[in-house]
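Pasting the structures in now, so scroll down.
Across the two complexes that follow, subunit A remains constant while its partner is subunit B and subsequently subunit C.
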Partner chain A sequence: MASIPVPKATKLVPRTGLGAWIRALTAGSTVMAPVKDEGKSLFRELEPGEEDLIDLHTVHTVNSPKGAILPQTEALLTYQSTTDGEGGKSLRLEPTAGPRPVILFGVRPCDAAAVELFNNVFLTGDFVDDHYKSRRDGLTVVAVACRQPAKACFCTAFDLSPGGERGADVVLYDRSGPGRGTPDAGSGAFYAVAYTDKGEALLESSEAAAAGVAPVPAGEGQDLGRVVAAYRGLETPLGAKLGRVDVASKLDNLFESPYWEKVAARCISCGTCTFVCPTCYCFGVADCGAGGGGVRFRYWDSCKFPQFMLMAAGHNPRPAKKARTRQRFMHKLNYYHHRYGEYLCVGCGRCVESCPVGLHLPQVVGEVRGLEQ
Partner chain B sequence: MPRKLDVKTLGQAQGALRAEARRLLTDGTVSVFLGHEEGWDGLPVAFFAATPEEAGRLVWNPLVAFNLAKYLLDRLAGEEKVGIVVNGCGSLALDRILKDHRFPRERLYVVGIPCTGLLDPEKVLALPDEERERVLEGGEAGEDLYLKRCGWCDAPNPVVYDTLIGDPVPDEPVAQEYPRVVELEAMTPEERFEHFKGLYEKCIRCFACRNVCPACNCRECSLDQWEPLWMGRSTGASEQLMYHFIRAFDVAGRCIRCGECERVCSVGIPLMELNDKFLKDISELFGVKRPHVPADIEPLGQFALEDPDLEGAV
Partner chain C sequence: MNANLVGPGPSGETPVVFGGSAAAGRLLVPEVATIIDIRDETASGDVKTFKVRMDRPEAEEAWSHLPGQCAMVSVFGVGEAMISITSSPTRGWPLELSIKRVGRVTGALHDSQAGDKIGLRGPYGNRFPTEEWKGKNLLFVAGGIGLAPVRCLIDYCLAHRDQFGHVDIVYGARSPGDLCFKDCIFNRWSRQKDTTVSLTVDKGDETWTGPTALVPMFLEELGPSPKNAVAITCGPPIMIKFTLQSLAKLGFTDDQIVTTLELKMQCGVGKCGRCNIGDKYVCVDGPVFTLSQIKELPNEF
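What follows is the complex of A and B.
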């Protein structure tokens, strides 16, 4: 396991001060947080005055927070073609306005780690994606450690933990430590641990102090260490069942396995798994316009859609469900691993919870282990 | 009204289902049998038994909520004969696909099982272990645990089958009511627009509602086409409304009121509101008492020169 970075700052945030702190954060940034919406917990932009709707109890929001760095629809540029007096044509391209800084408040450690996996794709190698970069640069992540992982959680199968700091600037650890139920909203406090300069700045700001974010009382340092360690040591229900994921090299030889036919049969080719997934990043690009002008934008695409690879001339390299299903799992468990040395999955469990037909990654990992080479 | 779960009969039905599927796979009547098996968390998932041995994995219990008929479209190519198990609403889904001429009846062997009610898998899974056991093994389920569609179900017995397992259950008429539509109709057009805009704003356009729907069985969906581009790929309000309105209009007159669209929606959009509006309209405008039940003559499904309403229309 990677070594734990030394905290840059530690504070105590009283539960009763959370609302005021978040209100203060909203002044300079867009705050996105888990919000209760008709019985579902959704990750979305917080409107002014909605601080009390924040849901830090539900482990998973239905959607992941990835929209903060890769919006489902994102304008890339505007275009306008014009004709001059002599019949000459010109095309003017304008970049879109830069995004407002975003604070992701109350993300789970798995979702915070997922942001780092996006960085591999969009920021490393020969090409840096400017649109992604400007969003990433303006992003601050305040994670909240999981008191009780959900039944479908398996972050521990990827060397992550319910108290991990990967991808987070600040992690909030409920002072009462891991356990069942929700601590009384009126009492209690979080230990806030900053792991980056950005996180430190957030905790040391005068707005934070005004909202009641205070130094950890003298003599409580040992408790803090114990509580944080308890979160980091938590096991996840599905992670315990699954064990450490270890199938990358085995999959090298299974591209042609009849197994994919079998697992694909159940898929209904919807994009639920890919769209709720915090690590799926595939997108398409399209134009929307009329009269020679318009917007070029990108949008989430899904390898589960039959049109995903359809080419302009009509050829579709992945015409069958088998190939499309295989693509999703090979991408996460093999191709990405070859390129970046880790899996493209953080074990959040959303595919487990949301797939309408019960087809998901942990199941595939388990079944792949049992396949003959 | 929710049916009363009959755990004993369900257990017997599971045994009989396995035996019947085994027989069909053994004597070559079918080369594959569509049913359910137990998934990792105990919930049933779709299963395609291809050998007599595999028939032993089939399950039948109050959680088999998922309509299997849509999977037939995957098997359209080829000549193989396919077995499938259906309960009441599952048979409506199957009949929808048959009435839409999307799968040949002669390539099907249908095993029907009368239904004593289905439970919402998500709600059952969320129960504490002991309570879940009481529900699944004792059959003690509160009304709120049943699938919404059981509340208005008037077709507990399969309408299409070759073999029926067990005795038909009492088939009482149920008045089809659409309380949510009454609320919608009471709104001003502006309020309604805001209402739908608010609902569909949440949509992540995963197409689960479309892909699970037995009435959404077109060979190619217009919403997938690039040319012409009926629906843009962005998720702005106009595209979201376009998606949901097109879909509702497309299934109007063919919706079987199974509510699967709503059940599989991960963000919880009450998608049946619009479908119910169309069902209510069909019921009131054409006097159809059970507008969700596929029929040989359907108000929006046929064109006939002798149509009495045609006079003066052309």
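What follows is the complex of A and C.
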């Protein structure tokens, strides 16, 4: 287990004060939160007056919150070409304006950790992706610890936990501790623990105080410690079965394994796994416009699609489904691990819940362990 | 707290905020550039060389590339493609890009005229390790448009002629009309000190009295010595495949063979997750690899 950072601030947030606090937050930032929408829990921008729709009970929103830092489509620049009377050409490129700060409210610890995995890609190496950086710099993450992890959860297989703080500025821990059932909306409270300066500022603001965010009562410090530790020590159902994921070096020798043929036979190349995944970041770039002006944007792409690597002259290095299926699992479990020293998965379980043919990462990890080298 | 977001990467290198697009200050936003000249390289017109200049003098000044590196070229409204830089840095601006018409972006470039505006960003990728070649004989083996990135390197090496031993250039194309850079291969290069240019075509015509042989066979006939030599090869996949076999027959080891790869790219800076072979990205870890490095990678390109 990674060491636990010392909290910068701890507060008590009464459940009845949540709405007012979130309303206060919306004043200066865009707030994105899990919202019950036609029966589904979706991560989306909160409209004014929607505070009561926030769903802190459903463990998995259908989509992950990754759109806050890598929108599904993101304008990079606008272009305008003109020709003057003498036929002289000119081209004007305008980078898109900086985004509004975003507060991700009610993110699960797995999704918060996923943001950090994006940082490895977009902020390190010889090139810093400044479109990403401006979104990341403006991002504040308020996570909520999981009282009862879902059946498909396996964050613990990656040394994360239902009470973990990685990637979060503040974590909210329901004061009643982990457990079954839904706490009564009209009672109870959260311990709010800030792990960063940004989180501390959020909890210490006058708006927070006005909404009822209060100091933890004297003498309750031990309870807080106990509750936080209980969340951190919580096991996940699938994580318990899977154990710690340990296949990176084994996969070094399995690129040519016939196993990938077997896995690919089940895949229908729909790309659902890549779209719901909080750690899949591969993108494409395209132009949209006519008459000399338009916008260049990037968009979520998927390695599961045959066109992903298709080159202009017709060559495709991954023409078969076997190669594309292998790419996604190798990227998450081997290539990324080689590059950044950790796995590109946080065990959220969305692929387990969403794949129409039941082909998902924990299953592949289990099967890879059983393969002959 | 944001300081930790741009801290050293896991491999310990300090990230650098890219300053190539200084006006925009944005990684994926190109500089505006102008096509100032377009020249047909082949009889059929399927390969053209574009001379381009950046519109902002400061951007030209900030630009510095080395042989092997590439540029992302934009035709707005159509898209962007990674193109190898054909002109040696020793020749300064304008930059030359030799491009075969294969798809949408290259097609739009071929349909453009001098004076048209494009986008340019880079340079990207690693480079040929010329400092490791000091005192060595250089053997260049190229086929068709594969001479484009190698031309940059040959001019660079010839500009630093005293640092290298004998220079052998072996070049072939499908037909005499498909030979690119005619001024270089027929005039400029062969006049250099201790430099030979050997040309072949797959199929000759009435204008051709030279050898007709596929590049790998032609190379074996020429029989260059691997002693104290480096072989640099670039061309279509099928040519590369057999050229590598011929070089092995001639006694070249995997460490003595250098090539440059290409894959589909969208960002060119190691972010979009597109051009990987195993854990290497061709855009930032390549495009230049030795054969021994390539043999370490999964066979998927």
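Here is the rule we use: the second predicted complex is superposed on the first by the 373 of 373 C-alpha atoms of A that agree within 3 Å, B and C clash if a C-alpha of one lies under 4 Å from a C-alpha of the other, contacts with A are read in each partner's own complex, and residues count from 1 in each chain.
To be clear about the criterion, contacts are C-beta pairs under 8 Å (C-beta built on N, C-alpha and C of every residue); 3 or more make two chains touch, one makes a residue touch a chain.
These numbers come from a predicted model, not from an experiment.
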Clash or fit: subunit B and subunit C on subunit A? fit
According to the stated criteria, A:276 is in contact with first (subunit B), second (subunit C), both, or neither; which is it? first
A:286 in the overlay: touching subunit B, subunit C, both, or neither? Say first, second, both or neither. both
In the overlaid three-chain picture, which partner chain does A:218 touch, first (subunit B) or second (subunit C), both, or neither? neither
Where does A:354 make contact in the superposed view: on subunit B (first), on subunit C (second), on both, or on neither? first
In this superposed model, does subunit C or subunit B come into contact with more residues of subunit A? C
I want to verify one number. Taking the Cα centroids, what angle sits at subunit A between subunit B and subunit C, in steps of 10 degrees? 90
Classify the contacts of A:318 with the two partner chains as first (subunit B alone), second (subunit C alone), both, or neither. second
Using the superposition on chain A described above, determine whether A:97 touches subunit B (first), subunit C (second), both, or neither. neither
Touch test for A:27: subunit B only (first), subunit C only (second), both, or neither? neither
Mind working out whether A:6 is in touch with subunit B, subunit C, both or neither, as first, second, both or neither? neither
With the two structures placed on a shared chain A, what shortest C-alpha distance in Å links subunit B and subunit C? 8
Residue by residue on subunit A, keep only those touching subunit B in one complex and subunit C in the other, then list them. 284, 286, 310
Considering the complex alone, what residue numbers of subunit B touch subunit A? 39-41, 43, 45-48, 66, 70-71, 74, 202, 204-208, 210-212, 224, 226, 232-236, 264, 266-268
Partner subunit B, residues of subunit A touching it in the complex: 37-40, 42, 62-63, 72-73, 151, 265-266, 268-272, 274-276, 284, 286, 288, 297, 299, 302, 305-307, 310, 321, 352, 354, 356-359, 362-363, 366
Show which residues of subunit C lie in contact with subunit A when the two form their complex. 1-2, 5-6, 8-11, 13, 15-18, 24-30, 32, 34, 74, 76-81, 100, 102-106, 115-119, 237, 262-264, 266-267, 269-279, 284, 298-301
Write out the stretch or stretches of subunit A touching subunit C in their complex. 76-77, 79, 81, 87-93, 95, 119-133, 136-137, 169, 196-198, 255-256, 281-287, 289-290, 292, 294, 296, 298, 301, 303, 308-313, 315, 317-318, 323, 327, 330-331, 334-336, 338-341
